[in-house]
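Next up: some structures, all given as structure tokens.
Two complexes, one shared chain (chain A), two partners (chain B, chain C).
Right, the complex of A and B next:
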């Protein structure tokens, strides 16, 4: 029954990759901005959550549930940083060529690496308390960390909430309209600037939440956002631009292949993902569910 | 006059796309804009809707000088437009396509998490518009599943939902099968007439121009060649020879 654990691990990878790629996809779909600093927002979320958890754990009498609630802090800070990035760096880039957007977001990525070092120092943060407290449960004869199941559950709830937001709310309908046809959205008088800000903050907060959730499971250190950024790009290539379903299916594919790959073919696990992305780019450039 | 254009000019490099154009549109008047390809029709519509800024001249709407106003400002003042190539939110339902401009019209962004269906008045108004444009039966279908004619009608219905005082329609029947053109125009024009909206319609089909316009504006090489009632313009020798290709 070891395979079931691989599947669960795959779902866990799926969960955090889904949150990052969903944010990236919303920003790319609604604003047409390829945000290379998205990984930095993930890292900021992870550092913030780790710092809050370590700080709270050092205090006496802090209720345990507060440690879990504090995971939201990473999403909040990343959302706030996203607001500043959008207003200061991204907004002047609207309507300019893609190279400018890439340059400015790449510049932001480098800037945030240094800012993270400045704020949180160069050491690794270990904030495993939420992971340790929950312990492990027996699943088909295997001990499995309960925290991983919590991450999967939180992702399911957040993913569903984003889906309801995008498809059922007034704001979501306007965001989707902007994503589907920017020129028509402009012609209909939609408040493009405000909608863009909302999309960027939402995308940034999702990246920050992913970073927060992962923080208790691994040391948080400099350069933390690079690999998830690459994986999120692979998900967007596989799943397609502007599609929630695509982000989900792409994340499932990436998550499961990573989970199996780490065990069966660890040397080429990332290479296989790149190969799949390359094949999809050739065969179906818009992705499996893209427009 | 709801719209007054005075000595408007637009220069692209050495090319004068619009060269001293002056005309006006009265309230409730439907004016067709005709001319050969490259005559400056779409440029003129882009200048009026604010997508282009003129090199010289003035544009007045409802008595206000809007020459350098943004497209957003012009929409809020009451100028709606459709495009030559249909722009729909293809994946969204027909109802949501019409609700989107209504959301934009009715409110600034306040309530982020409110369900779209909880805006009962907006949904009711959207349904009213769909009925007016004979699209009610398709309200739950994705826009991409509509026929070309229905897409054109929906495109205009979306601009109509902004409750404009002036609608700028860029070739509303282009791409529509010949046998559907009159049905599409009947739907669009009856809705426009019913609401008392003024319209400037770029159109190539002279049968449609004759049937649905109060006035016709003929543009050639960036200048107004003729204007007047459709039957008078059709008799204009210069128009017949240059635009209609009739000797």
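Right, the complex of A and C next:
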């Protein structure tokens, strides 16, 4: 039953990459902005969560559940930083050519790399307590870390909540309207600035949450946001620009192909994802579910 | 009281000898004074370049830098080098090859350092060492591991590659050959091995040396798979499951720092260690980094004879002193980068003192370089020799992890010490060519 574990590994990777690409896609879909600083928001979430966990672990008498609740801290800080980015950097860029947005978000990426160094220093942060405490369980004769199942569960809950928010609530409907036709939404009197801020903060918080969830599984270090940013772009290319369904299906495809690819074609584990993205770009440039 | 003839001769002889000795002493003092006159009053400027930020800072750079600082303090308290105090310039290795080339130029040309002791990254070593001859500055690589640094493109190769460039430690071959020797000695019946190494020069080179050595030593062994995850991968679950599926007896890895920690923790969660052993090249710092969770029975290379329990502190007081001094200052046991830092600083000191005693003053960089080639010094790890190709040669310690009540992490017990001639290629012969020439 080793294949079951391969699928589970793929699901874990799907969960991690889905949260990042979902945030990227919300910002892209609603605001039409390709946020190159999205990886930095993920890194900020990871650093914040790691710092809080390490600090709490150093105190006496801290209840264990608090360590898990503290994972939210990364999402909160990333959301707050997202608010500042949107107000200060992004808002003046509305209506300008795509190149300006790319330049300003790339500049933000470089800026945040130094800011992270300034705030948290250059050392790696090891905050594995939430991972270690949960230990492992046996699934069909194979050991599996319980924390990874927790990440999958949290992602399912958060993903569902975002779906309900976007499709069922008034605010979500307004965000969708904005993503479909910005001019028409403006003409109808929607508060574009407020909606843009909400979309950006939500996207940033999702990236931060992904960073928070990953922090207990690996040391957090400078340059932490680059790998997930590239993977999120692959998901967006495969799933389609601005599509929530696309982000989900794209993440599942990336997660499972990576997991199975590492077993079957270990020499080309990275290339295989880029190959699929290249094929999609040629055959269906808008992505599987893009508009 | 009457003096006998014998007494007279004794007295006159003694007086004559006294005059001769006094003359000699005067001559000696004169030479010493002259030498002192040629030794600048200003401090000797030593730059230490290690990763102070980034992923390699915590496991390698900061322990190395800490050791430099500690030893500089101690040497200065003891009077410095030939009477000159050391001014230590601690520099960050982060930023990539271009940044390091610029920094080395600045250190040699603008800051006028007497020597650069530095570099953990093999890429940085390969980029910076050519500057030694170009700019006329002494550079001693202290920790980087690539076996290609001083080797030529074919065997036999001419040496030294750089007149003023050195490495004061042995290269990656000693760990990977040491691991293969350890496996042959302790696990002679294994049938299958696999490799998981970071997908860049370090990982590829480490596996190439290990694979060549183990295939020579155990010709019937089968390689059931090799995996090459990118550096700084955060999710190894797919690789670990693939390894479990491939069912090797032993997995070779050259993961370091955060990658080694992430891989080990995730492998623990997925139950890898209950199914196979992992042989860690240069893995000595990892058990201390992870603590008691680090699994028993794993095979660990120490990047030389560098271990806080070897040479046994009761038999080799220098290691006892070093471990106590470092632990007192930094609250941790020294790991192999600390020993490497010691080797670099004390090699330079020994070479300067040796050259100084010959030239009668402060030696030039060329004179120091001449003394470094062929130098042999005692270190906390035993003995270090710097060969004519300007590369360090050492024994290697390989051990198997075991939990004891005394330490908060598994120690290496048993350990094996493979002597230098078994794990270092002869000068002038490339590592891979040397392994391929073995007749086992």
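Here, the second predicted complex is superposed on the first by the 291 of 291 C-alpha atoms of A that agree within 3 Å, B and C clash if a C-alpha of one lies under 4 Å from a C-alpha of the other, contacts with A are read in each partner's own complex, and residues count from 1 in each chain.
Please note the rule applied: a residue touches a chain if its C-beta (ideal position, glycine included) is under 8 Å from a C-beta of that chain, and two chains touch if they have at least 3 such contacts.
These numbers come from a predicted model, not from an experiment.
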*chain A superposed: clash or fit between chain B and chain C?*
fit
*asked:* Just to be sure I read the superposition right, which of the two partners does A:124 touch: chain B = first, chain C = second, or both, or neither?
replied: second
*Considering only touches as defined above, state whether A:63 meets chain B (first), chain C (second), both or neither.*
neither
*Residues of chain A touched: more by chain B or chain C?*
C
*asked:* One more residue to check, A:227. First (chain B), second (chain C), both or neither?
replied: second
*Once the shared chain is lined up, is A:95 touching chain B (first), chain C (second), both, or neither of them?*
neither
*Angle chain B-chain A-chain C between C-alpha centres, in steps of 10 degrees?*
150
*Where does A:190 make contact in the superposed view: on chain B (first), on chain C (second), on both, or on neither?*
first
*Go through the superposed model and pick first if A:168 touches only chain B, second if only chain C, both, or neither.*
first
_Partner chain in contact with A:198 - chain B first, chain C second, else both or neither_ = first
*Which value in Å is the smallest Cα separation between chain B and chain C when the structures are fitted on chain A?*
34
*asked:* Going by the contact rule set out above, which residues of chain C touch chain A in the complex?
replied: 52-55, 57-58, 62, 92, 94, 199, 225-230, 232-235, 237-239, 241-242, 244-245, 257-258, 261-262, 265-266, 268-271, 274, 289, 293
*Inside the complex, what are the residues of chain B that reach chain A?*
49, 71-72, 75-76, 80-83, 87-92, 96, 99-101, 103-105, 108-109, 111-117, 119, 158-159, 161-162
*Complex contact set, residues of chain A against chain B*: 165, 168-174, 176-177, 180-181, 183-191, 194-195, 198, 291
*Which of the residues in chain A end up touching chain C in this complex?*
2, 5-6, 9-10, 12-13, 16, 117, 121-124, 126, 128, 131-132, 135-136, 142-145, 147-148, 214, 217-219, 221-223, 227, 258-259, 262-263, 266-267, 269-270
